[in-house]
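Each of the next two complexes has chain A plus one more chain, namely chain B in the first and chain C in the second.
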Partner chain A sequence: MKWWGLPAKVWMTCFILLPFVWLVVLSLQTSYTASPPTKLDFHQFNRALTHPYRGIIRDSLLMSFAAALAVLMISVPVTWLISRLPRAKRNLWLAFFTIPLGLNFVVRIYAWFVLLRPEGLLTVFLGRFGFAIPLVSSQFGVFLGLVYGYLPVIFLPLYSVFERLENSHIEAAQDLGASSWQRWRDVIIPETQSGLLASFLFVFVPMLGEYLIPRMIGGGLVATLGTQIESQFLGSGRPNWPFGAALSICLLLSAACILVICFKILSRSTAERQTGWSISHIV
Partner chain B sequence: MVHFTHRLKGNLMRIWCLFLLLILYLPVLSLVLFGFNASTFALRWEGFSLHWYKITLSNSEMLTALFNSLLVALLSTALAVTLAFFYALWAHKNSNTKLKGASDSLMSLPLFIPEIVIAIGLLVMVVHILRPAAGHIGIQLGSLSSIVLGHTTLAVGYACLVLRNRFRTYDSQQELAAQDLGANKWQVFSRVMLPQLMPGFAAACCMSFAVSLDDFYVSYFLSTGGSALQTLPIFIWSLQGRRAMTPEINVVSSLLLFIAVIFFVAGLWLNQSKAVPDKTEKG
Partner chain C sequence: MNESLLTLQEISAALNGRAVLKEVSFDVKQGEFFSLLGPSGCGKTTLLRIIAGFLTSHSGKLLWSGTDITHLPPQSRDLNLVFQNYALFPHLNVFENVAFGLRMMKLDERIIIERVKESLALVRMSEHALRRVTELSGGQQQRIALARAVAPRPKLVLLDEPLGALDLQLRRDMQVELKSLQRQLGMTFLYVTHDQEEAFSMSDRIAILNSGQLEQVDAPEVLYSLPASRFVAKFIGNANFIPVERTALATARCLASQQEYSLNMANTSLANSASNSASNANNILGDVLVRPEQVELVSTPLTNQTNSLSGTIQLRQFLGANVRYHLELEGPERRMMIVDQPSTQQTICQPGEKVLMRLPKSPLPFFPADSAQ
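Our next item is the complex of A and B:
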């Protein structure tokens, strides 16, 4: 019994932790050789944080942030409504919104991409009303792709956040004469903020490293962290693994920074209100 | 239930829900519809036909990719669930909460790290360390084994989560009771533990299988090199990359969708016919 947990732990150490260490080692090399570096060299990181790449990292952060926020805002009313339905009906409605998750990610994004193309339904429809914006090969198109791709992902975590919210608190607020806006501002959002934040991060972090969506919808014209990393490793040009490794460490670090900042802000504002939420509750 | 919002506001929310459902399903439905297109191109509608279904179903490349996907999913599910099951048993018996917390976070790493970083880590690991090492002992580490390895790593995280959740509601008293009644170790395991854990076990299997089937990044990064193995998502990706897009991609996608819907309905039905409320489900 004592050693039963060992195989899994060894496996994860070998295939998750060790590769990270190796990526760090790789990113400290000036040029691509398979041997460990002889001295510390931050050349690759310098390059990652200067002209074209600094802008790309910033743009990716901003775009993922905006897209994750949009996903959250869009899905809050829906999950709220579902969580207040009679218990018997909830599962059915939740299923309607999460069935798309059962469909392959590549297929889902392709289906959306078809609508965004110049001759696609959505573009034609918007064109009729005078919004002739290019939705393919543009930042906005990639943004829409991110929103569409991660919308079904957030429903379940967000639903479980709202489901745990006690009706009695809201009823109390209502009895005391709170308007619906006040109920949201003073009761619902404060009580669920850690869950909302966790749901937000749950889509934000994968968006940050997204390669498939920007590549398919951006058509190679929209550069994000994901597409840059891919081209450094598998690109048709000259692959540069150390630089790719440095970029992916930048990706991890920025995700970690945002995670830490978010939870710092949260723990300060909920110091007196212990709701007992953590990311592990929503997945 | 209390009516929280005015009727008008409630209706607005309902309209928003329906609009969202439309947005979620419209791309997918149009994708399926265009699979029945008689036209040579994916874009213009020229009448109903099963022409492209015939062509796609006799496409040996597609069938190989489907077979590869299923094989990889089967192998990695078996590996991942075994690892996760023994880990969950160990964690259940162990009383050292600190150690348990640390190893739980190690296990859940694949859930929180952007998939692209895991994929790159594995690529670097396989190319720099595993392939040379396996070469020394005379084993050829092909893309099948490396993809299985990668998918297992991803799936272990999800399987552990599901199984650990299941163990939370596990009743250890029954084991003691069985021992008192003279059951030996094997009888306790097979008659008491397994029946209690079966639903969680099945859920973990489904989850791992779905994770493996849905995965794009790990297969994409690890399928490069000499004898590349194509899984279904990679095949679809390569179809999409070709300039002349034919309805084949629609057909493959629709087939995947039909499979997904069947599984989903079956899961829902299984869930409802079970008396015990199951909180371990995700995605």
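Our next item is the complex of A and C:
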């Protein structure tokens, strides 16, 4: 490593490693008042993994997973189409879809909240068709909010994944007799799967820690991991930093677990594709 | 062999408002090695994409053994394309790349394995079946792309400058291999290239395309000895044009030496030229085509030789089998000529030397001056 690697090392140590160590130490304390820590134990983790927090963690994982999947499903066709446009037209469309990123997040979510209110446009509209579902202060509302909030975020990474896919590969598949969905199943998805997974995680992980959307749309009635952590640190009631730290570490670990699982599945499916079908017949 | 497999009927195409193909018509016959030859930007790639089905022609028809396939999507056409950049699937190994087309046909696993093995053996890549395609060299990737295209046994294989990225020696080896492979399989190959040597070394017939227009479709020998236009004459091999005045239907007088030559009337450009029908008696100015190796150099300048011209040697190049002389013709225009003499010949002429060029007695192609270029 040359000397210019030094700033990065210093940065990593000061702003990532040390705070993380501090977080771990914090989470092992019985109460915030005892400082410096006298006794370290797993009391906070015990609490985090029992009722009601265990349910909250599970629900947060499920909801973030579902919302990230929905974001992916919505953005894949759109970014795909944009990536296949003539170069000159691509940037315009891309700008259209990423302009929301330039707007304040709170403003965007509030605008969405206005639509979701009982007297909001979307609720009234859905009610006309017999779908009278409460969209604020509900899990579903928070889900919609997450999807809306993170759509512009996934756009650029996903676009760059598809943009790199060579048209000739798709044409080759078509030339060899692959129908439209066979091209997706056998060429487009397998060739871009690592990029798709990275884009998915790119929205899934921040969704897991999201507290603004559950706060504003959930109206305090939908408890998520993010809101719990926030209230432990900044809450108006009795802040409990050690417990907040423990919850944060739970969030971090579950995100890491999912990351590892995803990559395991991915590398196994790639290995299978490379050799699975053919190895026994040839050798 | 004579059954026509693919017929193009007045295919026209435009890209961004610019015409790239102008009423191109030709036939590709069952089992032949057919090449589409032309300089870059002549529209040959566009034509190939129309045949493969990735582009739709502006007007005109595409017939497949007589049935109209103009609007058939690529996946429904019984032809496979070898891409210029090979377009192998990086997520699949060699075996699965070759098996791709067969899997799309939903064949039995046993048959798929059989056919893949067979195709890999054809291109001598059997031992690489389980490698990743990204680990292969350019030449090996090229073979896999070829094996992938022939594995589903299509009636027609399209090849889009497949040897373009290979070095010269490998390219020459692959030319021989491609040709023998095509013979062996009995498949029809349609080969697109800008390299005339490549097209000549493999093709049964060649179509020459120039800025979207078809110039000539013929066997290589015919293209070389009887080019239909000045473009074809210049594009294929080296061409010397000697200014003449046509005096009768089959004779011309050289403007420099006032000597008479016999003309080749099989030449289509002359047969089609409007001036031909107007009057045979009228003298027409133009050029006759002489290939470099048709000329014999005589170093002792004698006058009054029949069918000969005098000139001065400007440059001599040793090319191995041949010695190439660049000469300046005597006369007001001082035209340059290229003459190839076998290097086994004893007489060696030096630059500056005055020599006599003896032209062949056989009839020469004539191009009237008004046929542009």
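Rule of thumb we're sticking to: the second predicted complex is superposed on the first by the 254 of 283 C-alpha atoms of A that agree within 3 Å, B and C clash if a C-alpha of one lies under 4 Å from a C-alpha of the other, contacts with A are read in each partner's own complex, and residues count from 1 in each chain.
To be clear about the criterion, a residue touches a chain if its C-beta (ideal position, glycine included) is under 8 Å from a C-beta of that chain, and two chains touch if they have at least 3 such contacts.
Remember, it's a predicted structure, so these values are computed and weren't measured experimentally.
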Which superposed partner A:5 touches (first chain B, second chain C, both, neither): first
Who does A:169 touch here: chain B (first), chain C (second), both, or neither? second
Tell me the contact category for A:73 with respect to chain B and chain C: first, second, both or neither. neither
In the superposed arrangement, does A:18 touch chain B (first), chain C (second), both or neither? first
I'd like to know which partner A:102 touches here: chain B for first, chain C for second, both or neither. first
Contacts for A:88 in the overlay, against chain B (first) and chain C (second): which applies, first, second, both or neither? neither
If you tally the residues of chain A touched by each partner, is the higher count for chain B or for chain C? B
Figure out whether A:178 sits in contact with chain B (first) or chain C (second), or with both, or with neither. second
Quick check on the output: what are the common chain A residues between the chain B footprint and the chain C footprint? 171, 174, 279, 283
Going by the contact rule set out above, which residues of chain A touch chain B in the complex? 1-9, 11-13, 15-20, 22-23, 26, 34, 74-75, 77-78, 80-81, 84, 86, 91, 95-108, 110-115, 119, 121, 148, 151-152, 156, 167, 170-171, 174, 180, 183, 205-206, 208-212, 216, 226, 229-230, 233-234, 241, 244-245, 248, 251-252, 255, 279-280, 283
So in the complex, which bits of chain A are touching chain C? 166, 168-169, 171-179, 182, 186-187, 190-191, 270, 273-275, 277-279, 281-283
In their shared complex, chain A is touched by residues of chain B numbered 1-2, 4-6, 9, 13-14, 16-17, 20-21, 23-28, 30-31, 34, 42-43, 83-84, 86-87, 89-91, 93-94, 103-104, 106-118, 120-125, 128-129, 149-150, 152-153, 156, 160-161, 210, 213-214, 216-217, 221, 224, 232-233, 236-237, 240, 249, 252-253, 256-257, 260-261, 263-264, 268, 271-272, 282-283
Residue set of chain C touching chain A in the complex reads 52-54, 73-76, 79-81, 83, 85, 87-93, 95-96, 99-101, 103-105, 113, 116-117, 129-130, 132, 148, 152
